[in-house]
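What follows is a group of structures, each given as structure tokens.
You will see two complexes here that share chain A, one where it goes with chain B and one where it goes with chain C.
== the complex of A and B ==
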């Protein structure tokens, strides 16, 4: 059986069910690096160059850990997501991810590179090109890919019902059926946590922020839990000008949704950004100004490898407390 | 209509040539100073790349001096540049300024979206508009090429000048002369003028300078205040600077006829197979090219946290440096760069390059001596056989 290693970082949090199902159907055994811990972070910071953003540094750390833990891997899986629609682009660091990894780890096993560039071809064509690297016949690849896409849709439906992403990912990893959505108890506050999945669900670097907000008596809403209609239209940044970043698209769509119609559904927005994230440095500016116009409380939290638990907690507590008071004022007046 | 644009070194003369025939009253932006950067830093997002901040500062100073039509380029590529004008417009509007922002799309110039922008700016109607636009574009391309020539000559001759400041003076005079020339006919001979002017300068032709290659992100590399005039500093330290990067180079690339860049992309292909924005691919190509063409050093300028350029930097330091062994110096530029620190780094780098060249020369001499002795032995053997 062919063993394929995947680092548990970056786009893992978004596309892992798709990859896992596809590779399973192609007859590969998928192994993952362990969950992020202090050692992985340190290793990543050591290897990665200091101006890189935190998720990329974590990717370096996970890659090193993966190669260290499983020396007998047949392949390492590194995606190269270029564009998921004809107009978009991913961030340059995603575009050159396999190159950056190859430059750093000289004696790594052969790389399985999944390039997706919808500007040039259909996604299925790229999937076939990917499967060919494993020496599979086209019919089998097509079959596997359609199953994987179906599975990925199912996964998203489960998320929309309210299953937390980490739980769903865990069940995908173990090959179990998805967990049922637990009963959500009604809480007075709803806080929308905006951000890339590799920031919001990376529980080590964000200090399990989601759970802590829940403990403070607020419901947490993430991008993945929003209804499908939010993500229908492209976002215009100015009159003539569309957003082009693929991985910022849903963030802007969500912020647009709350700006236009859904402002009453939430009480506050927390935007999780990793330090030196290029796209987010500009997107956060748009979201901040939108929310300010709309009067929705907004806070941006910037994560890096030096983030301290206490500081983060204080800020979240203050934010939640402030919203509570605001609601109280609204009720009393 | 008074119109202005953000600063980008001497490229502003080319932009003026583009817009002036259209009937616009072109005003140069106030030169970049500490004040510009302070303004930009104050009103920009915290960790956006440096050119954004400089542009915001430029715009604010231009608007305050009474010019309210701002024209700026925009892209649709993977890097942050495409978002510049949209967010800058929003920031300035929120500050309460009244202005008009005109975006000049340069994603792919062969899509000719830029014609619409020129149409918007043009004051004339009918056939006059057509001829004005044609003249503007031709003047722009020719002047951009001439500016590139002036800058190349500057990099080449500054290390050899006898009287300090001659190169600066000649460059300034030539740029002024170029700016004053409004007719295509008068530009025909300008290339020779540049050549002659620099030949008149007192030069020490026996001096053997270090050959260095300068490249990086386009705005910070072309704007002398932002990069603390690195080119001049290198020239004074006795380095002959080669810089293929210029506005003309970029425009030609966007018209798909820049064969230099195609060659560089070809060289970089094994290490980075696609254009990821910025100048990343060509920086890699140029590094390889410079290493195989006898250069002593490589200088890479980029704004702090620039996404494509730091990827290129990672590949150079981790992979190419071991293969090609050309000493690189990376300068990450932002508002906190201290000039003294930069000078120290440059001096250290120049020392290193001298040491390396000396070693190389010694090796060459040894090799030559060895080859000579071998040759003599061989000849002696031949003699004996006869």
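== the complex of A and C ==
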């Protein structure tokens, strides 16, 4: 069986179920680097050059760990997401990811490149190009791809019912059925954690903040848990300024939703940002203004490899406490 | 003896229900707040009407555990001297500051809340109409925005400690003046020089440069105060809706130069409350009171004012359970080896609060 390794970083948190099912159906065995730990972080910071954002540094660390753990890999899977619609681009670091890896890891096994550029072709066309790298006939690739797309849809339906992304990803990895959404207990507060999935679900660098917010007595929701209609229409910021970044679109859509009808469904928004993320720094300003206008409690948290647990926890504790006290006042008055 | 105590308590309760004030020899209900910051430790004892009965503060040098014990002992001794020790009863203890959980375990606290909440609660209690709180401490600076007595927004400095108390301490020492004099120097300045205040590393080299150029200490300190305020407003205060009444608290509020610079920058009156240094600890005490009142029949975990006689042992070990190899800290009571606190692990397998 062909063995394919995937670093557990970056878009793994967004597209892994699609990739995994596609590769499974093409008859490959998928292995992942372990969950982020101190050593992986240190390795990534050591290899990745200084100006990179933390998630990319982590990708380097995970690649190193993957190659070290599985020296017998047939392929390394590296995504190259260029554009998912006809407008805007992904961040340049995503566009150049396979090249950056090849330039750094010289003894790497052959790279299976998963390129998606909807400006040029339909996603299915890219899927065929991907399958060809494994020497597969088109009919088999198309069959595998349509099964993967179907599975990815199912995955999103489960998330929209409120299942947390880490739980769903775990079942994908183990090849088990998705967890049951009915087991989720309801709490009096709901905090929305906004951000790229490689920030919000990277438990090592965000110090399991989702879990900690839950322990403080609040429900935690993420982009992935929002209704499908939130993401149906592209958000245009203004006539003068349109969002250029493909991977910021869903963040703007969520912000737009909370600016309108969605405001009643949540009690506060925390935007988790990686230090040195250019697109986030622009979008965060827009989100902040939207939330302020709408009177939704808002806080942004910036993560980097030097983040101290104490400072992060103080902010989260204060944010949750602030909302609790606010609600209490509303009830008593 | 026990009977005697009970009598006293009943008497106090009856008197309080009458609406009359508890006399000096009656058992007065009090709440203790402890604010363990990075540079100083503050303790405050408040009555049920949030009046400050007793307070003390000390520098937090070395071990916070030892210093908290010293602080409690100091408070105990002062209460004893004024023969108040037997007439008060601590109903609940609140802790705040960066060592709030550690302190809660050591003294037997009832609530541990963040310093932002504690500062806000104290400020609201003394100035119910406050809409903006500026707070600068030893290592932290914060801004708290309130509307109708509710915190609606806040911010705290991140990794950068530019313009906080410890930087001012350091600069005062470098210029050879007492920190207490710092504000007066700034106020005497007629043409404050421009100092790069974005980062203290740059500020310091800029200050040295200006000194070498021959500018007076007054004008350098005046310029520094202005640039620190600018830095605070541009970083911590960025995007915040600063509305009067504005209250300035925390240790740096003692610095009249900074207070003036805030007034000038904001073009608003800035009030420094009487107990500006103690606001965190007063807030912690009020939060303890809230906790006590919300839970009928609540019994405090407080180990008592004799907590300074209890020996604690701290030790550290590396877990080794996974690649993270977390450094776990534990605090034990020396006498019976009971673990009062243990943390530092990411996964929570060792955690004891």
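Everything below uses one rule, namely that the second predicted complex is superposed on the first by the 327 of 333 C-alpha atoms of A that agree within 3 Å, B and C clash if a C-alpha of one lies under 4 Å from a C-alpha of the other, contacts with A are read in each partner's own complex, and residues count from 1 in each chain.
As a convention for this text, a contact is a pair of C-beta atoms (placed from the backbone, for glycine too) under 8 Å apart; a residue touches a chain by one contact, two chains touch by 3 or more.
Everything quoted here is computed from the prediction, not taken from an experiment.
*Asks:* Putting chain B and chain C onto chain A via the overlay, clash or fit?
*Replies:* On the shared chain A, the partners fit.
*Asks:* In the superposed arrangement, which partner chain does A:297 touch: chain B (first), chain C (second), both, or neither?
*Replies:* second
*Asks:* By the touch definition at the top of the document, which applies to A:37: first (chain B), second (chain C), both, or neither?
*Replies:* The second partner, chain C, only.
*Asks:* Quick check on the superposed pair: does A:322 touch chain B, chain C, both, or neither? Answer first, second, both or neither.
*Replies:* The answer is second: A:322 touches chain C but not chain B.
*Asks:* Is A:104 touching anything from chain B or chain C once the two structures are fitted on A? First, second, both or neither.
*Replies:* first
*Asks:* Touch test for A:314: chain B only (first), chain C only (second), both, or neither?
*Replies:* It touches chain C, and chain B stays clear.
*Asks:* Between chain B (first) and chain C (second), which does A:93 come into contact with in this model arrangement: first, second, both, or neither?
*Replies:* The answer is first: A:93 touches chain B but not chain C.
*Asks:* How wide is the angle at the Cα centre of chain A, looking out to the Cα centres of chain B and chain C, in steps of 10 degrees?
*Replies:* Apex at chain A; the opening toward chain B and chain C is 90 degrees.
*Asks:* First (chain B), second (chain C), both or neither: which does A:134 touch?
*Replies:* Neither chain B nor chain C is touched by A:134.
*Asks:* In the three-chain superposition, say which chain, chain B or chain C, touches more residues of chain A.
*Replies:* Of chain B and chain C, B contacts more residues of chain A.
*Asks:* If we overlay the two complexes on their shared chain A, which of chain B and chain C does A:208 touch? Say first, second, both or neither.
*Replies:* It touches chain C, and chain B stays clear.
*Asks:* Once the two complexes are aligned on their shared chain, state how close chain B comes to chain C by Cα atoms, in whole Å.
*Replies:* 6
*Asks:* Share the list of chain A residues that count as touching for chain B in one structure and for chain C in the other.
*Replies:* Correct list for chain A: none, the interfaces share no residue.
*Asks:* Help me check something: in the complex, which residues belonging to chain C touch chain A?
*Replies:* 98, 113-117, 149-154, 156, 158-159, 239, 241, 322-325, 346
*Asks:* So in the complex, which bits of chain B are touching chain A?
*Replies:* 45-49, 74, 76-80, 82-83, 85-87, 89-91, 94, 103, 271-274, 276-278, 280, 304-308, 310-311, 313-315, 317-319, 332
*Asks:* Which residues of chain A touch chain B once you look at their complex with the stated criterion?
*Replies:* Going by the criterion above, the answer is residues 49, 51-53, 82, 87, 89-93, 95-96, 99-100, 102-104, 237-238, 240-241, 244-245, 275-276, 278-279, 281-282, 284-286, 289.
*Asks:* In the complex, go through chain A and note every residue touching chain C.
*Replies:* 34, 37-40, 204, 207-208, 288, 292, 297-299, 302, 306, 308, 310-311, 314-315, 317-318, 321-322, 325-326, 329
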